[in-house]
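Just below sit the structures, each encoded as structure tokens.
Next come two complexes built around subunit A: one with subunit B, the other with subunit C.
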Partner chain A sequence: MAHVILDSVRKTYPNGYKAVHGADFNISDGEFIVLVGPSGCGKSTLLRMIAGLEDVTDGEIIIGDTVVNDVDPARRDIAMVFQNYALYPHMTVRQNMAYGLKNQRMSKDAIAERITEAAKTLRLEEFLERKPGQLSGGQRQRVAMGRAIVRNPKVFLFDEPLSNLDAKLRTQLRAELKALHKRLSGTFVYVTHDQVEAMSLADRIIIMSAGQVEQIGTPMDLYLQPASRFVADFIGSPSMNMLQGTIGADGHTVDMGNESTLRFAAPIDAQPGTKVDVGIRPEHLQATSSSAAQFGLTVDFIEQLGADTVVHGKLTGQTDPLTLRLTGVHSIATGESFSLHSALENIHLFDSATGKRLN
Partner chain B sequence: MADIQTNSAASTVRRPRSKPIRWGLIGNHAILITGSLFMLLPVLLAFFTSTHTDVTIHKEGVQFFFGSEGGSNYHDAMFKKGGFSQNVDGARMMVNSLILGLGFAVGKIIISMMAAYAIVYFRFRFGTFAFWIIFTTLLLPLEVRILPSYEVVQSLGMLNTYSGLIIPLIASATGTFFFRQFFRSVPEELLEAARIDGAGPFKFFVDILFPLSQTMIAAIFIIMFVFGWNQYLWPTLMTTDESMFTLVRGVKQIMQAWVGGGNDIPEYSGAMALAILAMAPPIAIVIFFQNWFVKGLTESDK
Partner chain C sequence: MKKVQFSRPLFPYLLLVPQLSIIMIFFYWPAAEAIRASFYLEDPFGFGSTFVGLDNYRDTLSGSEYGRVAWFTLIFTTLVAFFSLAIALLLAVKADTVLRGARSYRVALMWVYAIAPPVAGLMAILLFDQRLGPFTHMAQFFGWDFTLGVNYWDTATAMVIVSVWKQIPINFIFFLAGLQSIPRSVREAALIDNPNGLSRFFSVTFPLLAPTGFFLLIINITYALFDTFGVVDLIHKGEPGNNPVTLVYKVFLDGFRGGDLGGSSAQSVILMVLVLILTVVQFRFMERRVHYN
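Let's turn to the complex of A and B:
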């Protein structure tokens, strides 16, 4: 097991496209790190650079105590699980798992022992002599994980391993992955575009956008204190409501336009008159009496999810969309209106121009 | 309640007793059967004719039924020494043809697979350009370059040798093209997984790519074997020694040379029998490999 350090790592493709603009972070030994972001944000490129499948344009990648920039993927002591499994279709499950070890010239007995152990961990014993084509998607992905486990690597790399599976299997394998991490206590680096996966798996999340690292933190850091409007919008489902506001003259208030004003205890870190985005999560809005109301909502339609009811509508008298999440079952008609209120500590302010957090 | 409803609904559904006769289907089959007969007929006639005596054929022409001489005609065609030198028989020519066909197919597969591997998996200067150069050689078939080719082989002293027969024709643009397309369809993650598993370029080729290409190899093997087996012009030019003759080339030679028992009747039956024998191995191979052939050209289990 080992830590991984990325020191101002950049990637520019030969055609001039800059995929990663400078990633700087440390992954400690045994940590479960999730790289998350929309497609094309550079997260996969970053992972592939750690794996050694892409050259590093600039900066250093350190695994354990070695700078691995010019080390062959096979010698980096890493294992990787791919989105489309990348199992060798003509080999049995056993041969698939053994291939890497055979290339390391490990003895047959030792290989067999490792495979037996991994197969037990992943409940693959009965499939060892089958070919990947005869397995379901979930089983294939478990084989791919098995191929990683038997190598006993310092670092496990996962490139969207659950994206090809259906929702139910995904949840199940997510739990298995989490258990696996606990058991192996290895360093895991996991790439996904699915924020639910990121939130449920990660010790720390690295959220990326357009080749930049937006924020690094625990899932709750990202949820409660998003560093930018991008992070706020990306984490959480349904995503955060963004309303328009202007900083008031005394630097403590935000003018919301339709006579309502939010007054914060601490001064806001921006010039009066600055346009701000006021972010409030749908689950942090509460229905209230009209006297305490900060916002009004006119209902367009609702989504009944059983455990929750998601109300979609517009800010009363305006066109800005507003979403409200209520626990339990509610029957709400289109056109109904709500008076809403949110605790000030659950309101996030972002500079409209830069997207940076202000409070 | 729900059950009763669905039952009553089902009982009102009309169920036709039998399928109507589909005339379109019958018409299609009629056309296909006629077409097959049309194509098979010459072969059948050659086969029937080959079972008669030379005299009968000479007098009555092509035969439409089995004759009595089948066994002895085929035996003579295979084992009776003939030709000017009286030292070549059908079996010898068949061996030559097999060597040419197999050498041709195996050699072409090896060369074109390696060429395609280099083009697809290695980033080198002018790689695509090299591919297109190879591809344009399709515009220069053997017939166009036959004199220079002959000159080269002759000056290397390879006339009347198997290597002289095979090697000059072994580079294959078609094979390279097929393998290139196939390799490009192999998911890149496989290569990456293999790299992480410590497989270098050679191991990846042997352990992963070669087994994956099996169906493709089978398909190209058939095409190339038949192509090699049916070569006529090149062997005619390359071989002057009768013991190096291939079947396809030998049929004509033998018909001219075998003059039976003092009279001047050409050995029609022997020639017909040899022609049938010359057709048999390619057909056998196609039948034997046809599953793989179709698989290789259409699907791929990756």
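Let's turn to the complex of A and C:
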């Protein structure tokens, strides 16, 4: 049993800076959790508190069935992989992996066996006698993972392990990591600021902003039902279009201010007259005949990505930016106009004042 | 590096002249003079000199006095280097853990370095003074009748203490810089891998400090051998009597007090060879030194 529970965990740094304002969540045994959020939102702080590298100012952290607030990092049965690898430069790859096990007083044979196995999994056999300085970035990061694997810990912690690597290697190691999680069935807590990494790796994502947990859910929860404007904006690329609207008198409609009105089946959870942000993902907008149009788009420029074409423009007659994503290759000229339509279930409404989801 | 072409080929040498002349006048010339003088027997009253070949070296090395001083110098150097490195390392580790206080620590420990050796010696004399010295009082409190300048070992103790005290700050600065250049995440990885602080220090921190440590070891040996002259001189108050002296101080005593210029030149040539060896060792090491990352 190696679930991790955070119970109203707070962190105030010695200089008085409040980095985490109360994190409450349960991570189940064997789950792959990704902590994601913009730079400085407190992801690393949270992870380092789970590792024991930072004191917990308030609240409790439970690993397995023990409150670990006052337990040494080395006795928490965790392993951590750092962004800059943090290998011991004076030790060979083998010694790096053996170090933690030696300190647990494991027998030499058992250590050698574990290293052999981990090296095979990570394709590190030929590098075992090298020093970290003689390895490439990707190889070093695999050694760092090997050092974590051999310990067979209850919980694996990763702090942006792939962000120092080039895009191709990152994709490759991401796949390896996913496979590794399947094989080891350990509990993984993974920090990143890259939403693609988060979406592709996570069983559940915890999305943070300014020391606060914004939403916890599966990648599809976050994509389809973002709980706030912040989440809606953070997940998805290119990011969600945000248009201005006002709740209509009957509580079912949103007046878009350009003669078009969106009519929802279910009542909207807000007073008539409330200002709302109407969110629509670029991939959920479709070109349509002018009779069914909800919005008009005037093209500024396009991005040809091969598989997709991203059209950047403005809401016709207004200055609000609007982005449209079309599959395939299209040739579109600047100044051209589109009539656009989106299914109502793909339209997200957020209170302009609080940013909370309304539908 | 950028190459600059001078139109007149001799111009660059002209630019080097001031530096070269300083090196010539203050280093090569005296060194050459010492080597020359070591082969002559100088008349103490300046009435000429006689070529005696290696006699000065033979006399120096066969004298029991020289062996005794060499032994003392060896012990003195070992003690000074060991204690000034060990204490500085301890202080640096402590200062490093309270990072926030590191600045004031650093200043508090560094200012000693700004004291000129004779001043340090004077302060030491006050500390160890027979009637007024706090150290003497403390020694008496523990039943140790401490007599600076009278008892051989007491004087040696004072010499070691003052020399160590004087050298700690520079070691401290280097060690602290060395400690702070160890990546934080490497130490944190060790924190997760090893619950025992002492074992962590010796298996991770200390090896990563080794290059700094070796460099400092050479520096400290050189210091204890040569730069402690001022301290030794002040502690003796110019009256060495039966008190311990180091090899460098003996060169001065024999040459300027004893008037044996040939013998003292031979001694300084021996010391020059020693410095040369130390330098070669240091350069060898620096070349082979493992460059982590």
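We adopt the following convention: the second predicted complex is superposed on the first by the 358 of 359 C-alpha atoms of A that agree within 3 Å, B and C clash if a C-alpha of one lies under 4 Å from a C-alpha of the other, contacts with A are read in each partner's own complex, and residues count from 1 in each chain.
One rule holds in what follows: a contact is a pair of C-beta atoms (placed from the backbone, for glycine too) under 8 Å apart; a residue touches a chain by one contact, two chains touch by 3 or more.
Quick caveat: nothing in here was measured; it's all calculated off a predicted structure.
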| item | value |
| --- | --- |
| When subunit B and subunit C are modelled together on subunit A, clash or fit | clash |
| Which of subunit B and subunit C A:G100 touches, first, second, both or neither | both |
| Partner chain in contact with A:G306 - subunit B first, subunit C second, else both or neither | neither |
| Contacts on subunit A seen with subunit B and repeated with subunit C across the two complexes | 51-53, 72-75, 78-80, 82-90, 99-100, 103, 133, 147 |
| Subunit B - residues contacting subunit A, complex | 187, 189-190, 192-199, 203, 207-208, 211-212, 214, 301-302 |
| Sites on subunit C touched by subunit A in the complex | 100, 183, 185-186, 188-196, 199, 203-204, 207-208, 210, 290-293 |
| Touch list for subunit A against partner subunit B, complex | 51-53, 72-75, 78-80, 82-90, 99-100, 103-104, 133, 147 |
| Sites on subunit A touched by subunit C in the complex | 14, 51-53, 72-75, 78-80, 82-90, 99-100, 103, 131-133, 147 |
